[in-house]
Amino acid sequence: MLIRVTESELQPDEAIAAVQTPASGAVNLFLGVVRDNNLGRSVGYLEYDAYPAMAERVMREIAEEAKAQFGLEDCAVLHRTGRLEIGETSLLVAVASGHRAESFEAGHWLVNQIKKRVPVWKKEVWDNGEAWVEGPESLGLQQAPATMREG
Amino acid sequence: MLIRVTESELQPDEAIAAVQTPASGAVNLFLGVVRDNNLGRSVGYLEYDAYPAMAERVMREIAEEAKAQFGLEDCAVLHRTGRLEIGETSLLVAVASGHRAESFEAGHWLVNQIKKRVPVWKKEVWDNGEAWVEGPESLGLQQAPATMREG
Amino acid sequence: MEITVLLFASVAEKAGTRKLTMPSEPGDTVERVRDRLLGRFPELASSVPTLLYALNEEYAKEWEPVPPGSTLALIPPVSGG
Amino acid sequence: MEITVLLFASVAEKAGTRKLTMPSEPGDTVERVRDRLLGRFPELASSVPTLLYALNEEYAKEWEPVPPGSTLALIPPVSGG
């Protein structure tokens, strides 16, 4: 089970190779990529902060849950930190399973859980300013009074 | 839109690069992989036959449908033919979209449609025999009387 | 003018060939060409219930006309992926 | 013995630091340590309603005890992926 928080470029081939087993008929790989826009605003680049030790611990927890829940062969979660330009990959989630349905379902579930629980933060930097993003799915925002969640 | 039927090894990086655009926040890559077993039987290797010109035409049709239906940035479908050993990749489907939900849904939809409609066939080869697989989701089997579909 | 017929996978194995030509006949449809083919390769009869057809690389119904010069492909249940 | 406090993202920017130590006090809980921290960094008050906490790398509730030697992290709403 490959779990990693790193400042280095993420390699799809490494994640795929890490999860494959002879009984795997399906591998699903998800890449979270830096997009040139968010909420109608043009994005220059992103800066990722993380609590690496805890992030890896939570990523492993989520991966173990997915493996058991979906009967996976294996899975891998890698998150990059530091400055990322448009088009660069911030998140890699790889899942291997016997058949395709579980690979898609588990991949989607894993990414949803990562967005909720893993202590990683991104700052959007524009031409004329910057702001830390508060993930609308994050546990912290979910606990807040409804009026704050709309902000 | 990268569409290809080929005897050469499929390259995940090529498929990912082919679909990415600056507005892509999510890339989903599916790999169909040769598994060491099927329906409880140990598999030695697979031999893929195809009607390449028509397969590429149908793959393009399905990809265009997915792009319109899920509002994708782009997608790619590559199928390998010939003899494939355990662990080798027979199918690559890559999807790029603004957000993750569409990328998972479109990827899954594409693979389902490919299994139904694309003229490609696999023969399973075991230690002591071989047989052409008739895909349970293929249109041809779906049209047959119910009694034949159970065979 | 002739019709080109393409065979694949189990159907090609049963017939022992992947490609052949047949003389075109007036009023040819997918079904009529297939039936002439069955006369020549009776071992294909068991494949017919699950067979699909493609005319010039597109799926075609059994009643569709097959003009001279066409390519007709017999498509057993697919199993790609 | 001391408590190590880790700050991240917007909270680190507001406080102007990512890491500090505080003296441990008898009966310390997550909430009590946080409140002493707010005394020192009043600019963090606006972050509190959406803040989560981690004790030694695991999410912890506000009532949980903070033994001497612990590491307490303030976790603003995450936005990884």
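As written, the chains take the letters A, B, C and D, and residue 1 is the first residue of each chain.
In the analysis below, contacts are C-beta pairs under 8 Å (C-beta built on N, C-alpha and C of every residue); 3 or more make two chains touch, one makes a residue touch a chain.
All values reported here derive from a predicted model rather than from experimental measurement.
Of all chains in the assembly, none touches chain A and also chain D. Most remote chain with respect to chain B, judged by CA-atom centres, is D. Chain B and chain D have CA centres that are 49 Å apart.
For the pair chain B and chain C, the distance between mean C-alpha positions equals 24 Å. For this pair, chain C with chain D, the centres built from the Cα atoms lie 73 Å apart. Each of the following residues of chain C touches two or more other chains: 81. Residue numbers of chain A whose C-beta contacts span two or more other chains: 32, 100, 111.
The full set of touching chain pairs reads A-B, A-D, B-C. In the complex of the two chains, the chain B residues touching chain A come out as 12-13, 16, 20, 22-37, 86-87, 96, 98, 100-101, 103-104, 107-108, 111. Of all residues in chain C, those touching chain B in their complex are 6, 8-10, 12-13, 49-52, 54, 57-59, 73, 75-81.
The residues of chain B lying in touch with chain C in their complex are 32, 48-51, 53-55, 57, 79, 90-91, 111, 114-123, 132-135, 138-141, 143-145, 148.
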